[in-house]
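Here subunit A shows up in two complexes: once beside subunit B, once beside subunit C.
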Partner chain A sequence: MKKLTLTRGGTAHRTIMLVTVLVLVAVALYLPHYYAPYRVFQFTEVLVFAIAVLSLNLLTGYTGQISLGHSFFFAIGAYTTAVMFRDLDVAFVIPFVVAFVVAFVVGFLIGIPALRLSGVYLALVTIALAVITPPLLTRFEGLTGGSQGINIDTPTAPAWSGLADDQWLYYICLVVAAVVFLLARNLVRGGVGLSMTAVRDNELAARTMGVNPAVPKTRTFAYSAGFAGVAGALYTLVVGLVAPGSFTIILAINLLVGTVVGGMATIAGAVFGAAFIGFVPVYTSGINPALGGVIYGAVVILIMFVMPGGVMGLARRIRGWLVTLEEPADRRRASGTGQTETAGSLPAARAGAVDGGTEQSGTTDPGTAQDDRPGEQTTTGDRREN
Partner chain B sequence: MPLLRVSDLTVSFDGVVALEQASFDVEEGQVCGLIGPNGAGKTTLFNCISRIYQPTSGAIEFDGKSVLSVPSHRISALGVARTFQNLGLFDSQTVLQNVLVGAHHRMRANFLTSVLRLPGVRREERALRDEGMALLVDLGLESHAHQPVGGLPFGTLKRVEIARALASRPRLMMMDEPASGLTHAEVDDVGELLLRIRASFGLTLLLVEHHMSLVMGVSDKAVVLDFGRKIAEGPPSAVQQDPAVIEAYLGSSV
Partner chain C sequence: MSLLIQQVIGGIAIGSIYASLALAIVLIHRSTGVVNIAQGEMAMFSTYVAWQLTAWGWPIWGAILAAVGLSLLGGMLIERVAIRPVEGASHLTVLIVTIGLLLIFNQAAGWIWSFLVKDFPSPFPGGVWALGQVRLSASTIGVLVVLLASMGLLYLLFQYTKVGLAMRAVATNPESAKLVGIRVGRILMLGWGLAAALGALSGVMVAPQLFLTPNLMFSVLIYAIAAAALGGLDSPGGAVIGGLVVGVSENLAATYIDFIGSDLKVLVPFVIIIAVLMVKPTGLFGQREVARA
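Moving on to the complex of A and B:
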């Protein structure tokens, strides 16, 4: 079969990307109208777990800090929300924000001692977090409802929407997930994301290049915990019950399984990872209720052998078989230094003579194409004339 | 005032002395070759200037300021860049991304502005990318820009490291064996490249290298270390004739 050749950021490439995204969005929007309520509920859960898996992937995939304690941050978000719904008459959005902030701050604080540890030592310390979560929740009965947990009323669909409650919940989770995925993508795509992977790949070289490893590590810990908290908040909303038994180390391990199965250091992989931990245990129990756990474990092992890069790694390999992605010719040439408002920190940009040439939009990288503004001028002069 | 002044630098690890009372100056614009047999302490010296090792005693001044009070991640902002002997690249990143990390200290975007992807973040990213791309073009690496560094040939990666170091806009560039592992033809290219980037970027170079013809060809002065001690310093032609240097390289004639 002949391989398709595409130019990165070219019309064909962008069309394919756009169509893919539109199809996915359409499927995501249509799902709750196609399936029965119990299925919709499962998909809603998958969305919740997708946020949690993504949060862990930021930390473990991008900065290489292994956490086996993300059930802790998930529980913080879940209980913060449950307590707020029980004790306060709060508007709908506020619990998400509070859950994010509380988990974010706790995550940041835990991220500081975590700086001194890496690899399996950090994993061990975070296991402690996961282990203490259920007893801690049981202990402070006045606040957490002890082993009984807290019941709250799950939101009902407003009349104007014309939706059933399960559909309404699904859409809430879809919107929140979309926002979190967008924020996470923002974080990893630029220079900050590069500092995260640089620290993971080679901490010493990163430091020599001016990256203070403590910054990406503690900040990522905080954002990761915060997003896990948001997932926990959604969980409370969806399930309507929080109890210590839901936040055991099994949850933390499942999140790590989801991270690896989806693909380390990928954003979209979290959806597949979450679908895996959401659906596969159900199916394996269906095959044989007594051996469900064993079959699930075997499937995880099999996947690690067959697709070590996870679902996204496999997707990239398949794309590699089908498509050759070429860089557009103009990006290979020197385009000089952009004359921008950051020029204050870039002496060369100031020194370069402006020749008034504007870059052609449409031939640049899709990530930057939207930043093309007609007024932005580029120079073709020497990079460093001073 | 010299750009770099190393005075009485001593480094010992658990009683093993890696550097002993080493002192020398590098003037602005010079190419200073640092030579000596294996284990002479050359890389140790680099690691002291990079603040990876803490010297036991002695001082290092860059542009009149003590380097020893600065943490390692601020050295690059001072204007000191380096390349590594056995490469210190970020394997999961592309060539261009590696170069962008080199410009990290000039980046103003932080986690908060990035997570919201404010307009300033996009503009800065675009400016730095264009600049990094121009550097890659300068070093003949533009065709590799979007390839992951894992899998590229060693000689290419050596150049990527140079591009990454240049991205920090250094005044002093420390290069740890830029020609090691290269073919003969590539070694000649390196010599030309060093002189060219010195001229076009206004650099001062501190060069550790075992290819004698290369060091002697490009250096304005040479400093010879042996067992952590400086045994000779001066113009390359004079250093080559120095009996102590000959003995260090060829062994005692007794």
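Moving on to the complex of A and C:
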């Protein structure tokens, strides 16, 4: 078969991308009408986790900061929402905003000391966050309901919508997820995103080019925490119960697994990662209830063996077999969706994309482009340069 | 005052257990650059093996030695089967593989031995000595002696044997080590084996004090990680000191600071390490990684 050649940003490329996105949106909209309520609930959970995985991917994938403590920010969002529903008579949208703001501020405060740590030390310290979350929640019993947690009524579908409650919840989550994904995409595609990847790929070079690494690191930590908080807020709405046992380190570990399985430094990968951590344990328990966890662990390891770039890495490899993507000859200009670009190709492909961006981002680019290497690149911040 | 001394002694005893698991973490991190999140679960699994042998009528010391030996082989096998294929991949990839190992060992132990609590026999006699008002149990001393002796042996291995020299060479520079004829793969396997054996020892030492369940080592792992980070991830001596500091400070804080109590005492070592890492981002004895850009 002859390989198809497309020009990045050309009409054909744009059309294919547009059609893909439209098909995906149509499928997402139709899902709750096709499946039984039990399945719809699972898909809703996947959407919630997708936001959380995306939040972690901003930090780990784009900025190279490993966090094993994102369950903490998730819990902050979840409890903020639960307390508001219990104690205050609030309108529907407000909890999301408050959950975002609270988690954002906490994330910012934690991010300030955290940015002094690199790579594996940050991962180890953030484990502390995950570990103390349940005992802290139990300790402040007056506010959090102790080990019993807080029950709230999950929202019911309004009569005008003609939807069942599970479908209504699904659509709420879909809308919130869409908003968060768009925000995250815009974040990483702009100058901010460039400074993030610059710091990840070569901190020294980024510094030389005028990026103060502290700025993108704390900023990303705060945004990441904020988005995790939004996911937590949705979790409360969907499940209707928050209790310390739901926010253990297992959640934090699962979020990191989802990030890597979906594909580091990809936006769309978060959906696949969330689907993985949402569905695969259920399926492996279905194969053998006693051995489900063992099989799940083995699947995680196998995926790292065969597709270290995650689902999006695999997708990119398949696309590489079918299509040749060319840069337009007249001007190097990025286009399409951020979802389909490799981490490695980011800086080069986006060299011209930030002409409207900030001065800072423009100057970071040569530094990262120099460091750019062909092929899969899922490095973390502590990679050795040769 | 006697309460203080009592708590310090208890802290040293539990701290030596953290220290040995921390040392296992450091051994692997030095040679592969990865923190083995599954270290605690591997140790728990080894402890179950020892328990199973005693349940079959083995004497306790025989069971412990056999379990440590099997762990050595098991650790080497794990390196060969699970870690070698992702050698050279990003650290995060390897980290995820160790997370997979954690899940496998935790669930496999529950599947084989059930999640019910088991009693692990103490390998030490039950005597207690009283020095004034301070009570010193034989098992506290026994734990200390066994763990310090094992760490001493490791030190001798590293400092004075050819294998130890090769292991240090691989940790310092794998490529140069390969060029002088060291079989890097085997050395890495041995490193994982030694770490697993050391972890097994910490598991059988802590199991009589807690109870044997598949989640036995999780909290120990958290403290061991704190200890390793405190001492510096590439410093074996730092891991030992870090373990003792973590053990003592945790005990003292739980006794003297009312707010902390027993459920929040896990906070203590992390407050310490965050404070330390603010000043020295690579731990007390760690070396700053110098890389050419």
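The rule is short, and it goes like this: the second predicted complex is superposed on the first by the 331 of 386 C-alpha atoms of A that agree within 3 Å, B and C clash if a C-alpha of one lies under 4 Å from a C-alpha of the other, contacts with A are read in each partner's own complex, and residues count from 1 in each chain.
By definition in this document, contacts are C-beta pairs under 8 Å (C-beta built on N, C-alpha and C of every residue); 3 or more make two chains touch, one makes a residue touch a chain.
This is a predicted model, so every value here is computed, not measured.
Legend: residue contacts after superposition of the two complexes on their common chain; A:N202 is shown touching both subunit B and subunit C. By the touch criterion defined above, A:A298 lies against subunit C but remains apart from subunit B after alignment on the C-alpha atoms of chain A.
Of the two partner chains placed by the overlay, only subunit C lies in contact with A:A128; subunit B stays clear of it. Within the superposed three-chain model, A:G320 lies out of touch with both subunit B and subunit C [touch as defined at top].
Looking at the shared chain after the overlay, A:P308 reaches subunit C, while subunit B stays out of its contact range. Looking at the shared chain after the overlay, A:T138 reaches subunit C, while subunit B stays out of its contact range. In the superposed model, A:Y223 lies in contact with subunit B only, and not with subunit C. Looking at the shared chain after the overlay, A:G286 reaches neither subunit B nor subunit C. When both complexes are aligned on chain A by C-alpha atoms, subunit A residues 202, 204-205, 378, 383-384 touch subunit B in the first and subunit C in the second. Contact residues on subunit B toward subunit A in their complex (touch as defined above): 50, 52, 71-77, 82, 84, 88-93, 97, 100-111, 114-117, 120-131, 133-135, 137-138, 142-143, 145-146, 164, 168-169, 200-202. Residues 60, 66, 113, 116-121, 123-125, 127-128, 131-132, 135-136, 138-139, 202, 204-205, 253, 256-257, 260-261, 264, 290-294, 296-301, 304-305, 308, 378-380, 382-386 of subunit A are the ones that touch subunit C when the two sit in their complex. Remark: subunit A residues 8, 183, 186-187, 190-195, 197-198, 200-202, 204-213, 215, 219-220, 223, 265, 327, 331-338, 340-343, 345-349, 368, 371, 378, 383-384 touch subunit B in the complex. Remark: subunit C residues 29, 33-35, 82, 85-86, 89-93, 95-97, 99-104, 106-108, 110-111, 222, 225-226, 228-229, 233, 263-264, 266-267, 270, 273-274, 277-278, 281-283, 289, 291-293 touch subunit A in the complex.
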